[in-house]
């Protein structure tokens, strides 16, 4: 097994306050790592540092052994790293299919072929497959803004997979999604993980969702790693119960 | 889906045929106004690309029309063909537009408006002050009209066809562009640049491209403007042209393909039809624009779009209601 | 050297007027995200209103009072109720574009209802020169400077020393919190529009005797005020004051030392440089960026 993502001693401070204070971990190929911790423990900041949305104050990020610290999000995406956001981030005026084509188009050809080539960048078939996979068939031509919240969450996740990523960072994929949709989402994520050998890091507050989806769980508190291990180990860890689950 | 396309195509053919045939018995002035409409539509289409699709404010489109017009005026009065001037104008405006796009990578909205506004005024100063090149306030007169495949276009009607043909070619190119992945990337840039970046869309490159291509279209409009008026001086390329073009895009409907056609029609043709309002025209126009913006910030086509989508939702919910009623009565 | 001093005084005098206009501009931005592209036309208009009243036979001071009252009514209350309130929900940019249309409308109205020619405008400051430290200085410059400084001092005192001023600042910085602690936010926002209307009327009164009353005055004044506001700092009243004074001085110095043809380019280049290298302005705070 090789590490897809290696994070070494990442720090990020805002005006002297350390939001992330020396976090190191790695994620192996095909793993689903859960990332939990109370609000404000630095999870999202850590995500943003890994993904180039923020520049870390110190530390190093490697993807497939290559140093990517400080790279722009679009370059990282080109290396096969994609993400979803905590808040909904679909393009409301484009149709569901157009959203998916947009999500995949920069992985096809070059600037010139994207200008002169076919309008769908050859992705209609792939987009339709993804639509079928996430059971959004009846909505393919609807503008994304007209979908229900749960459907938009599914689309948001589906967009992250269009480029055929090696590593996907999902920020609260289950937040605000109803129970039926949630089961669907977990089912789909597990399937992609198995079929495509895609590696996931998932921030989530829904404990049941994390414990049943993830192969390993990392617990953060006050900008640091509090515990790391299999879901059952973490659940039994007294420090975790004290800091997080106990509340 | 396809059945609904035929009336649209039919309507398009009728409009194009009318634009070709009806002006045949127009007088010199009517042809001039219609040619001007075609030229301004091209410039507004460029701004619509930058502002309407990619969401980047520019108050400099008029300056690019000026650059194109001066390129054409200077080169053709020195005996060079208009097509060469066109090439120079496109390259020049593309490059300057690209450079003008750099501030957009650092600042947004009103700051960008002010940078482009400053550029517009600077360009005007150059047009006015660099006598050796632009003949300053006296302007360049007797600009020749081109020969197309050996046919002279000195008379108003042939030159109108040159303008109309150019508009046709530009329209096709822009249509292709906005349907291409680039067009989708521009919209993504406008709607949500952070998300676009995370999907691998190089927002920097697309921002610069939106500025460069939009500006180049301004340059194309300029190269037609010079032989149309056959006289170029700095006055028409004042900041107010940039504002006029902005109004055209907004009034027609920014982010809609046909917005500039409509906006330019209202700005260029309407004053002719509303002659009786005399000097009050611009005042009434300004009030009408404010009223329109309050009602629909996406312009006239925005109103139409809203109306159509409302009807579609109503039709869809009616369908659902029927399906539901069937389902309930089925067993 | 002596020439430089004259230029500095003249520059500070025009700069002080720019500062007044720029302060109003930034106040509108702070309290209601309004980029008023018609700010220059707002300065042009009150002079015409006053001229109209004088034409009806009223003395100058009556014209001033009525002119200021009309501008509070039209450029303060009317502007807010008829344009800003209905446009604000559409966002910053459509509102800004609507004010561009308003600028065209006001300009054309002045041209149609008055005249395309420039009209002379009386000065509230007596003509003539005075001698200060053995130097002859135009009374006009000194008077404008003194009045503008008084206006700015009055405004900063209002904003920083009175409870209304504190409520206005609270309403501008965080309307939600201000509302919770009982600040009448809506009334405070209206007040900033009225203050802006008063400031532009004052600026109109001071600058029109120098420029003459002309429908196109707004273009130059508006740009100078924008540049002053951005150079000084868009979210700071004292930034706008400093920016105004600086632009006034730069304007006058470049008229003397740079070619007259490119005099207008100097402030623009300054503007571009500031936006590129210090977008928050000389004294402004960087605005929070939300991801």
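Worth a mention:
We just call them A, B and C in the order they show up, numbering each chain from 1.
Definition applied: contacts are C-beta pairs under 8 Å (C-beta built on N, C-alpha and C of every residue); 3 or more make two chains touch, one makes a residue touch a chain.
Model, not experiment: these values are computed from the prediction.
Here the chain at the heart of the shown protein, by mean C-alpha position, is B.
If you tally contacting C-beta pairs for each pair of chains, B-C comes out on top.
Each chain gets a centre from the mean of its Cα atoms; for chain B and chain C, those two points are 33 Å apart. Averaging Cα coordinates per chain places chain A and chain C 50 Å apart.
Spacing of chain A relative to chain B, judged by their CA centroids, is 40 angstrom. Counting partner chains per residue, chain A has residues 53 touching two or more of them. Multi-chain contact residues, meaning those touching two or more other chains, occur in chain C at positions 291. Within chain B, residues 194 each touch two or more of the remaining chains. Of all residues in chain C, those touching chain B in their complex are 35, 83, 86-87, 90-94, 96-98, 100-102, 104-105, 108-109, 111-112, 219, 223, 226-227, 230, 261-262, 264-265, 268-269, 271-272, 275-276, 279, 291. Residue ranges of chain B in contact with chain A, taken from their complex: 177, 179-182, 184-185, 187-188, 191-192, 194-195, 197-203, 205.
Listing the residues of chain A that touch chain B in their complex gives 51, 53, 72-74, 77-78, 82-83, 85, 89-94, 98, 101-103, 105-108, 111, 114-117, 119, 121, 159, 162-163. The part of chain B that touches chain C in the complex is made up of residues 57, 103, 106-107, 109-111, 113-115, 117-119, 121-122, 125, 128-129, 194, 239, 243, 246-247, 250, 279-280, 282-283, 285-287, 289-290, 293-294, 297.
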